[in-house]
Amino acid sequence: MATPQFKEMRRCYSFDEVALVPGDVTINPEQVNIDFSLGNLTFSMPILASAMDAVVDPPFAVLMSKLGGLAVLNLEGVNTRYQDASGVLAEIANAPDDEVTPLLQKVYSEPIKENLIGDRIREIKSQGAVCAVSVTPQNTKRFAPTTVEAGIDILVVQSTVTSARHISKSYRGLVFSELQKVMPIPIIVGNCVSYSAALNLMREGVSGILLGVGPGAACTTREVLGVGVPQVTATMDCAAAREQYLRESGRYVAVITDGGIINSGDLCKAFASGADAVMLGSILAQAKEAPGQGSHWGMANPHPALPRGTRITVGTSSTLEQILFGPASVTGGTENLIGALRTAMGMCGALTIKEMQRVEMVIAPAMKTEGKYFQALQGYR
Amino acid sequence: MATPQFKEMRRCYSFDEVALVPGDVTINPEQVNIDFSLGNLTFSMPILASAMDAVVDPPFAVLMSKLGGLAVLNLEGVNTRYQDASGVLAEIANAPDDEVTPLLQKVYSEPIKENLIGDRIREIKSQGAVCAVSVTPQNTKRFAPTTVEAGIDILVVQSTVTSARHISKSYRGLVFSELQKVMPIPIIVGNCVSYSAALNLMREGVSGILLGVGPGAACTTREVLGVGVPQVTATMDCAAAREQYLRESGRYVAVITDGGIINSGDLCKAFASGADAVMLGSILAQAKEAPGQGSHWGMANPHPALPRGTRITVGTSSTLEQILFGPASVTGGTENLIGALRTAMGMCGALTIKEMQRVEMVIAPAMKTEGKYFQALQGYR
Amino acid sequence: MATPQFKEMRRCYSFDEVALVPGDVTINPEQVNIDFSLGNLTFSMPILASAMDAVVDPPFAVLMSKLGGLAVLNLEGVNTRYQDASGVLAEIANAPDDEVTPLLQKVYSEPIKENLIGDRIREIKSQGAVCAVSVTPQNTKRFAPTTVEAGIDILVVQSTVTSARHISKSYRGLVFSELQKVMPIPIIVGNCVSYSAALNLMREGVSGILLGVGPGAACTTREVLGVGVPQVTATMDCAAAREQYLRESGRYVAVITDGGIINSGDLCKAFASGADAVMLGSILAQAKEAPGQGSHWGMANPHPALPRGTRITVGTSSTLEQILFGPASVTGGTENLIGALRTAMGMCGALTIKEMQRVEMVIAPAMKTEGKYFQALQGYR
Amino acid sequence: MATPQFKEMRRCYSFDEVALVPGDVTINPEQVNIDFSLGNLTFSMPILASAMDAVVDPPFAVLMSKLGGLAVLNLEGVNTRYQDASGVLAEIANAPDDEVTPLLQKVYSEPIKENLIGDRIREIKSQGAVCAVSVTPQNTKRFAPTTVEAGIDILVVQSTVTSARHISKSYRGLVFSELQKVMPIPIIVGNCVSYSAALNLMREGVSGILLGVGPGAACTTREVLGVGVPQVTATMDCAAAREQYLRESGRYVAVITDGGIINSGDLCKAFASGADAVMLGSILAQAKEAPGQGSHWGMANPHPALPRGTRITVGTSSTLEQILFGPASVTGGTENLIGALRTAMGMCGALTIKEMQRVEMVIAPAMKTEGKYFQALQGYR
């Protein structure tokens, strides 16, 4: 008996399975343009810092803005739950491994103080920085007025999975087209991973989408829920939605790859997969200025009933400026991200991010002879 | 010379090779319906406990029934060979690694006491629980009358591989259509893995099939016999048989994925592969109420001449209720299985198990940047 | 510019990438027939012992024959170079790791004594055993008369790669059709791996072919030469040659899978790939009666200028009879090979080896949840 | 909604994923011809030594030439920056792991002395050796006159990625067709990896191309930049360009695989992928005569702002002659490279390198049962 197919499945790809092909023309790295635009705002580099408590606090947001990028402050994290956020962060960083999850659950059960929302935003704005903050869909209507009043420039509405239409008996789901009408600033929504989900969100009028479910270093969504799409395919699919939406509306929505980028090689591949910008957590958590003091954890980690994530210890070896602009003192791709991006663009013959989205990419599993793997093999000889 | 093809081979998939894609619509987890029906019985969750001696004894079966699920008691295990089963289980749990297989072979060579069959069933029924028991095909005719008399609700006929037609010179194979006629209760048969084998069993009139050969945590069938089909493909193929049989007969047979589920992510993927329910061994063996005291082993393990399996030590960290309903204190997907299933269904926009069977699934090998893998890599930095 | 294809490459498969699918009908294991025929000889099991010094000496050959199988004695190994072969074998078994290769090179540089050839053969024949011996193609003309005179039943002509046509300026290559005419006994030739090479050898009139280049446990041919085809594909391709040759000539040539079988699961898969028999080295070297005393090494290992192989230490845990017929005391598939084959054939509904060659096989990478892998993961929990 | 494809990706292959298929005819290894031609020069073996400071200094270049191969001296390394190069090399070899990258950055910031360029070349030429030197594209116009004057035979213009057309505002890119007109000797250019980039370079009139971006043992280009194509596919694509260029121009350009070859098996596969010659670094760094004293590192390693690479410690176990011609005392494929190539060609029935380019190659992931892997598994038994 021939077996009928119950369901079709596509093969998806993650960063470590692909590689970029050098171009027929090469370009001097200083000559490439890596600007990133969102609504009317333009940034001199296409990098966002994740709305993770271990990565972004107000001083970090100010520094990131001064360096040309954009940091997103989590409005539902320790900064708005505790006046003394850094004491809480130190407690998390120093907790033994097997006590971290219960501790996070306890820390994040403290109520959010609305007055702290305004304070944190004003702390950033008073330094002349661009200010972006994140809220979850269920709290957006409640917190949005305060944030606008305090002067935010960009609103990020983010949960593990956010769709254009949410079904619930107990409350009416957030309607982004209505929100966008009352908010005079760019709204970024996420996360999503598929062509149709991204297209539906774009049709709501938002300025950017965050894509990525499951790939983050501090995230165990795939183990707990089985949900997730590898980032190369997810970026490609959302970029295809952007092109489709551009054709049908004439409006360009920024596609931002969020999660799964552990070195500058991955970052370069994100753009070649179609991204307009990337959001980084783990790499930036290694900055000396990061509030996590060498540790980080995801936003789904402290869920009271279904925690998903782990605390990752990464250490703090360099300044944010060195991580972004070098010079690198390590060779694993965690420093001089911008230098690496410019060099890769030069090798691939891409003058702009838009051209980088079109360079050839191949399926090329990590090679055994690459540096570290090779060294690990030495033991056998 | 061109090489003619001797045989075609299909690519099959296991849980760790696939992932679920979030939906265009999302749903509040409390709102999804996860009922499971078998014949005239309805359960409030689609989870069965394996007929393994380390997982189910009469008190565990009662507890599982009270929580809304269904436990299957192995009628050919220690509970029917020994009056004092727990003493024997303690001996197994405490045996050194290299003495386990011979010990299991000895323990399971003790004859089955028919009087204990009735006693164990009545122990479950007297507590008001739904009672399911398992027997092997060769012993079914001998034990079935006793089980019916003692009041069982569901009969499970199970061996490593069970087909609708068994050839033997020494005895006449069990004919399920005849058995079903004389048994007034739902019969579940297993295990099978292919479309045609499942369809043939359904045509015999049974109420449910168990699918899975080789994937269980405590099973070495693939190393010893080379036999086995990865669970995602096996579930899809048997689900295709269910749909075909439904078309030709109008009758709906439950497809139950048995084995290979090591976390709640796998559980969610089983439903997206087409399962109506799942049977769990390893995860439930971690319950404080499980008779295995932190260890478990498979039913093929104690075979006198060809043992297949290993004793797995899993520890006992939480209660059965916490494993099923949380709150979870760990983040690896072994607690709050029902919460995880509801959350995944909500993310994928599935209101019922039937809708969950239709969500998009992709081929997505486990990503290097997932939590635990990433931590393991830290050593290289 | 579109890239023209320089060369096409087929995907090939090894044992650990495939699995057998249970049948729609199952059979009682005692009822299956596993006879193996070669020329006019019939054996009660389809297993040959490799012509490796660590596996076969005259007493082992006699025992293997009595148990129903066939052992091949290497006529160019220690048994024909040294009167006291066991002393030499002990020296090899006890050498430190880093001295093994030079020691093997020295041991095998001792000239072959023609008188020992006759002695060893007569030692086997005098016990009433079937006697098979192996020689390399370059020595076949020189040694063949002595072997026939001493009474061998089967001649095996074997080197890493043997073809029907060998080009050399210094000597005329062996012509198998001529050899077969002057030898009144079955000739087995090997090794080959492709459809065309196997078909060419069959057309020379030989009775059997050995297939396998590169897969053996003690072999590093792939690292040193880059040459080798995974055993499932190699077996399928040679089986296709057998079917083609049968159609064109009416004669059935035995296809024997040699190498790469590390457990009974692999053995079952070899038959499902089309083999008529298998040749085992590593598994049989674990027998208490094996001359290697718990170690073994390949025939290409002691090459004076280009050694290819390693000494593998396997230990000696059971008797040859227990390895072949059980009962097994381990669960990893290295004992009760015949019991495992019969059980797998029963599960797959194959009454004969010929039917086993036709059972469904799927591509199914080793699953993470299989016994040993799972235990290795426990450390992460 | 069906998902439109944003970008197509081809599957590429590395050495460890493929294997050679033995031929229908076999050949005596002594009889195969492995000559390599470049312009009017002919070498008795198709092996080049990498322009790495740890591999080639003037004495090594002389020795390599005497043995029949070709070594390339890096004109921008320690030999032209320091009078006493070996003192600097010793310092690098003995530096602790975490100080290597900063040390390399410092060492390579010392200016190049033009007078040392002439001295090093004359040191090689005065011994009667063929002399090849490498320069980067940006320094080619500046150093070329000196090198020609000093008597070089071959010029290698090499950087991580070199294209026929480089875009820069600050300087006019090197035009190879102009360079070739004024240089009366063969020019080799690299590295490239794609069909179109190779074809464009060939059309500039060069005599050879080096292919390989990312695969070298001491290279982390893929982690830092995400750029790289596995060597089997890269070689095939560049070989396709050679065939196309031969058809359109009648001129044969040598295709040289550079990087990623860690044993003689890989070397054999490079030719079967279409290479005319191979360039070796890591393997030759193991020679007692190599200046690196048992360590090596890549040319991209000491980049001041974006270092890419690691120092690899390989030890020095044998002479260059033994590495090339044996006899081998190890079995992992790092000695007797020429013997291995001749043996593999004999097994595959290839009389010349040109015929070796046409032998069948299959996709065959490294098998679990291969020697070393098997030994690693022993711990589980």
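In order of appearance the chains are A, B, C and D, and numbering begins at 1 in each one.
Simple rule for what comes next: a residue touches a chain if its C-beta (ideal position, glycine included) is under 8 Å from a C-beta of that chain, and two chains touch if they have at least 3 such contacts.
This structure is a prediction, so every number in the text was calculated from the model and none was measured.
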item	value
Identity of the chain that, by mean CA position, is farthest from subunit C	A
Interface residue identity across copies subunit B, subunit C - same or different by half	different
Angular offset of subunit C relative to subunit D [C-alpha, multiple of 5 degrees]	90
Where subunit A and subunit B are represented by their mean Cα positions, the distance between them in whole Å	39
Averaged-CA centre spacing for the pair subunit D and subunit B, given as whole angstrom	55
Touching two or more other chains - residue numbers and ranges from subunit C	10, 15, 194, 196, 332, 372
Graph class of chain-chain contacts, one of line, ring, star, complete, other	ring
Which pairs of chains touch, using the document's own definition	A-B, A-D, B-C, C-D
Interface residues, subunit C side, partner subunit B - complex	10, 13, 15, 18-28, 30-31, 194-196, 199, 236-237, 239-240, 243-244, 263-269, 272-274, 326-333, 336, 339-340, 343-344, 347-349, 358, 360-372, 374-375, 378, 380-381
Residue ranges of subunit B in contact with subunit C within the complex	1, 3-7, 9-12, 14-17, 101-102, 105, 160-170, 192-194, 196-197, 200, 213-220, 222-230, 233, 259-260, 262, 282, 301, 304-310, 312-315, 332, 372, 376
